[in-house]
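Next come two complexes, and both contain chain A; in the first it sits with chain B, in the second with chain C.
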Partner chain A sequence: MDTYIQVLTNGLMLGALYACIAVGFSLVWGVLNIINMMHGSLIILGGYLTYFAWLHLKINPLFMLLIVPPLLFLLGYLLQFVMINRVVARPVLTTLTLTFGLDMILYNLMNVVFEATPRRITMDIGSVSFMDVVLPGDRLLAMVLALALTGILYGVMRTSRTGRAIVAVRMDRDAAALMGIRINRVYAVTFAISAMMAGACGVLMAVTFPVTTNITGLLLGKAFVVCVLGGLGSVPGALIGGLALGLIESLSGNWWGPQNAVLTGSVLMIVLLMTRPTGLLGKAGYE
Partner chain B sequence: MRLPKLMGFLSLASFLTFASLKPAFAADDVIRIGAPLALTGGLADEGKKQQVSYAMWAKRVNAAGGITVGGKKMKVQIIEVDYQTDEKRAQQIAEKLITQDKVNFLTAPFGSGHTKVVAGVAERYGVPVIASVASSESVFNQGYKYLFGTLSPNGGITENMAKMFTKVQPSIKKIAILGREDVFPKSMANEMKASAERAGLQVVYNETYPVGILDHATALSKIKSSAPDWIYISGYTQDLVLARKQMADLKITAPIITMITGPAYQEFITALGPVADGVTSASWWHHSAMYKSDDVFGSTQEFYKDFLTQGKGDPDYVNASAAAALITLQKAIEKAGTLDKVKVRDALAATNIMTFYGPIKFGPNGMNQGRELPIVQVQKGKVVPLFPDVIKQGTLQIIK
Partner chain C sequence: MNSLRSGLMWFVPLTVLLALTPFISNNYIVQQATFVCMYATLALSWNFMGGYTGYPSFSTSAFIGLGAYAGAILQNGGVPMVLAWVIATGVTGLFAACLGYAILRMKGHYFAIGSISIVEILRLIAASWSSFTGGGEGLNLPIFRGGPEYAGMVFLYAFLVLMLVAVLATVLVDRSRLGFGLRCIEQNEDAADMVGVNVNASKIAAFVLSAIFCGTAGAMSASWVSYISPPDAFSIVMTLKVPVMAMLGGAGTMFGPVFGALVFVVIEQSVLSRFLDYNQAILGLIIVFLIFFLPGGLLRSTLFKQFKQRILTKDPQESKP
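This part shows the complex of A and B:
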């Protein structure tokens, strides 16, 4: 029994992180119809900034939550405004190729500057345990923060003027433009928010995982699966998709061994694509 | 910044990534050795280790006037090309080195998988290729005539570990094995299972994890519930760092924790800090060995001293094996007295020499003969050899 509680908590903690990985990716895909191939690399960039700030300047990694996300927001805004906006109305393959190219540049730059050695922040903050179930402190913290960040994003989307503008553009771009919404700016802000979430996720990942460029593709893959499971372009969708994937991987890993955990997630993704292509929470509009 | 400017900057930056692809010039009195290396990408650290050792060797050889080929001294030139840890690119680059750069000989990149790719190309063109970091027999059982490798087969490692650990700690009864689904780690996991069973241990957990996994919590939780006395995990550094950390977080421990080959690399110890302590592993070489030889280094100590001047810390088995690979090639060229590829290949096959790295004698499949490989343990942040007795510096410490 204790093993099951442990497996379920492992799954939830991993799932929250998956949600955090996917939420920005889902937003850009849903609103801009861009599959952002850079997303994994942006997360790792956030991780590296956190790591080196900790290593050289002795800055507490959690403090970097105040610094890294704004920096990536800026980077995301510039990328969208200067480059991606030029092709944003083109077919999805064009934007995909552009972000793929940008990803190769960012990935290789990081390889040259940081090298691919797995590095880790050795700040062990212990674990919390009740009965035989152990909750590692850093993961617990990462989970809470990931959920909080996702919650804040949800709040911003629902209540702020910018959030409503993003939702309006997602629903009907032409109508939104006629209402006086500046589409290009909304696009840039959306992409920037996505990059900001990637940065925040990078900070959280740096606390719990070794930082290395080796896993950028892996993170992107997880974001894909979460989006398909949860439904595109919605914050609750990413949350549900992430938690579902975490639980699926954890339970199937326990039953059939870790070699089949990733497989099970992918099989479910295919089943869902055939039976419910909009995902668990997906719908035509946004929120 | 205007777009063209920004694009210009970015393309310049990415161009710099490929800057190491500079064309090699050809001269007639130089022996050209092609080296596809992973200088960027996932295996960049490992590729750079080979690079450093190749340069150390070449510097010493050229300082001595070069390699004697049929009475004439010829300088050596290493033609390095970065294949960016991309298997397909490794293949293209091996072709390019042979057909365009006209290299006389080739070295193989890091790891069993990429070695296999380059060896396949070399075989087609009949170019001798010497591999310094491939230890899986599945690379050498392809019937290749031109492939030679300086690492010994990894078969003996698990056997010696099982024997030694059960002798020192007879209370060990149960072992849990977790291996990565990949050429080398998987074979190490399978071999451990066989060795453990022969040593009378009960295998309470035996699973593999896929390459695309981000987290080990589930596997580790299951291992915990089987209460093993010995936890054995194989994989690459990033898997092992994560697995060891998650074990500490989830309060999973065992008297013996073995990770193949994490502690053989300094990166593993640096990334983990105190939790690396107590982890046992195996390596193919340790710098406390005391081999004397008539190669350009002369002895293990001399190599060690020379390596320290590079400012890269202690050398590991990759550094040593890479230098030994080129020494072996050098000896074969000298013996053949020509750069003829077939004759050098025959001389390589007949190799039976002592190097600073240890004895090198190739079996019929081109792999270095088996020998007792070092078993090591991290103790107070240092790698301490426990076995074999000639290099032993400490005894097995049980993890509390």
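This part shows the complex of A and C:
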């Protein structure tokens, strides 16, 4: 029984991080109707920036939460404004190939500049024990921060002017344009927010998992699965999907061995896509 | 038919040139010619699904890898090489038919993701099922006897024949009911269904066509290289490269993929081989250039059309208004 509580806790800690990984990806997919293949690489870029700032400049990784996300926000805004906006209305094949190509460039440059050796920040904040359940401090911290970031995004979407504009574009692009919303700018901001969340995630990843370019595809895969599980373009959906995936992986890892956890997630996604070809929750307005 | 005739005008000389490489040049050129044939075959296969039908299919590597593993396991089991290729083709086709039945109900992004994850799933299976596939260590194949020059020639002609079969299939499909149906689906799937195109059967047929040549090419290249491993056989870069080649030439045209593959091999050899650390970045730059400056591919670009006009009209003065 105790094992199960530990497994479930691990699943939830992982799941919160997955939710944070997927929320920006889901936003871009839902609002822009674009699959951002760069998402995994953007997360790792955030992770590397954090790691090297910690290694060379001795900056506390958590402080980087204030520096990395704005940088990636800028990068995301530029990418969208200069490149992706030009093809945003073109067929899926074109947009997907473009982000795939941009991902190749970013991935390659990171490999050359940072090298793919797995690196990790050790924070040494001990662990918390609670009724025979061990919670490593760094993971617990990452989980809390991931949930907090997701919550902040949700709040921004609900209350701010920009957030409501994004939601409006998500619901009906043409009507939003007629109401005086500048679509291109909203697209750029949406992409920028997504990149910013990826950067924040990268910071959290850097303190909990080794940072390496080898896992960009893996992270992207997680974002896909979470979107399929939880539905597109909604913060609560990404949260539910993320936690669900975390639990599924940690339970199936417990039953069939951890090496099959990724396979289970992918097979699950394919089966879901086959039975519900447009996603589990279908399309709904972004809230 | 005009596009067929103008396509053949450069395709036939190209084929003759490729076939003559063993007699007029060195082993390196023969190897590159083999790559042209292989990539052209792959791009032509992708074209059935991605070009004619307009589905964002990224499962090319899944079929290549499946064919490679099927061929390798059969050959290691004592099956003669050519027979192993044929069986591998059949296995891949069968797999694609079953898979197509399941995933072709998805559309747009979901189909794209589904098709990429097939590559990932097969790679994970190949990497973890050690007793059958050799796991992460990969599989060695019997080395082709007769020395490098003879082997190079044999594989060049094998791939050349495969490319010709793929071109023939493309021409036949392009001019048949199936090709018409696929183009209808590309424009509007629901409308195609309404006017009586058997949408499901056509899509599955296109998917199987897009798989079988990849399967054969995978099995052939496994015999050629004599070694396969999960990341090479189920390569994510390859699954992107092939659509890029087809789009470079012109997706949905009969000979565009061949032209794209030719241009791609030239770029690969002249640029990529000098910047080994930047291979993927250069592929990315090619994609960015392609999407912003050559959206219809080389064969649809104005420059090429002017060139064609010049060649087809006997007196260039006549065509001027």
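Here is the rule we use: the second predicted complex is superposed on the first by the 273 of 287 C-alpha atoms of A that agree within 3 Å, B and C clash if a C-alpha of one lies under 4 Å from a C-alpha of the other, contacts with A are read in each partner's own complex, and residues count from 1 in each chain.
Convention: a residue touches a chain if its C-beta (ideal position, glycine included) is under 8 Å from a C-beta of that chain, and two chains touch if they have at least 3 such contacts.
From a predicted model like this one, the values you see are computed outputs, not experimental measurements.
**Student:** Using the superposition on chain A described above, determine whether A:V87 touches chain B (first), chain C (second), both, or neither.
**Tutor:** The answer is second: A:V87 touches chain C but not chain B.
**Student:** Mind working out whether A:T162 is in touch with chain B, chain C, both or neither, as first, second, both or neither?
**Tutor:** In the superposition, A:T162 contacts neither chain B nor chain C.
**Student:** Which of the two partners, first being chain B and second being chain C, lies in contact with A:M274: first, second, both, or neither?
**Tutor:** second
**Student:** On the A-aligned overlay, A:W29 touches which partner chain: chain B = first, chain C = second, or both, or neither?
**Tutor:** After superposing on A, A:W29 lies in contact with chain C but is clear of chain B.
**Student:** Once the structures are superposed on A, label A:V7 by its partner contacts, choosing first (chain B), second (chain C), both or neither.
**Tutor:** first
**Student:** One more residue to check, A:V262. First (chain B), second (chain C), both or neither?
**Tutor:** Touch status of A:V262: both partners.
**Student:** Classify the contacts of A:M104 with the two partner chains as first (chain B alone), second (chain C alone), both, or neither.
**Tutor:** Touch partners of A:M104: chain B and chain C.
**Student:** Using the superposition on chain A described above, determine whether A:T213 touches chain B (first), chain C (second), both, or neither.
**Tutor:** first
**Student:** Contacts for A:N254 in the overlay, against chain B (first) and chain C (second): which applies, first, second, both or neither?
**Tutor:** first
**Student:** Residues on chain A in contact with chain B in one complex and with chain C in the other?
**Tutor:** 83, 86, 104-105, 108-109, 111-112, 221, 259, 262-263
**Student:** Looking at the complex, which residues from chain A come into contact with chain B?
**Tutor:** 2-3, 6-7, 10-11, 13-14, 82-83, 86, 104-105, 108-109, 111-112, 115-120, 122, 124, 127, 129, 134, 136-139, 209-210, 212-215, 218-219, 221-222, 249-250, 253-254, 257-259, 261-263
**Student:** Tell me, which parts of chain C touch chain A in their complex?
**Tutor:** 50, 54, 56, 58, 102-103, 105-110, 112-114, 117-118, 120-121, 124-125, 128, 236-237, 240, 243-244, 247, 251, 277-281, 283-288, 291-292, 295
**Student:** Give every residue of chain A touching chain C within the complex, in rising order.
**Tutor:** Within the complex, chain A contacts chain C at residues 29, 33, 35, 83, 86-87, 90-94, 96-98, 100-105, 107-109, 111-112, 217, 221, 224, 228, 259-260, 262-263, 266-267, 269-270, 273-274, 277-279.
**Student:** Over in the complex, which chain B residues touch chain A? Could you list them?
**Tutor:** Within the complex, chain B touches chain A at residues 1, 3, 6, 10, 13-14, 16-17, 40-45, 84-85, 178, 181, 207-210, 212-219, 221-222, 224-225, 237-238, 241-242, 245-246, 248-251, 267, 271-273, 275.
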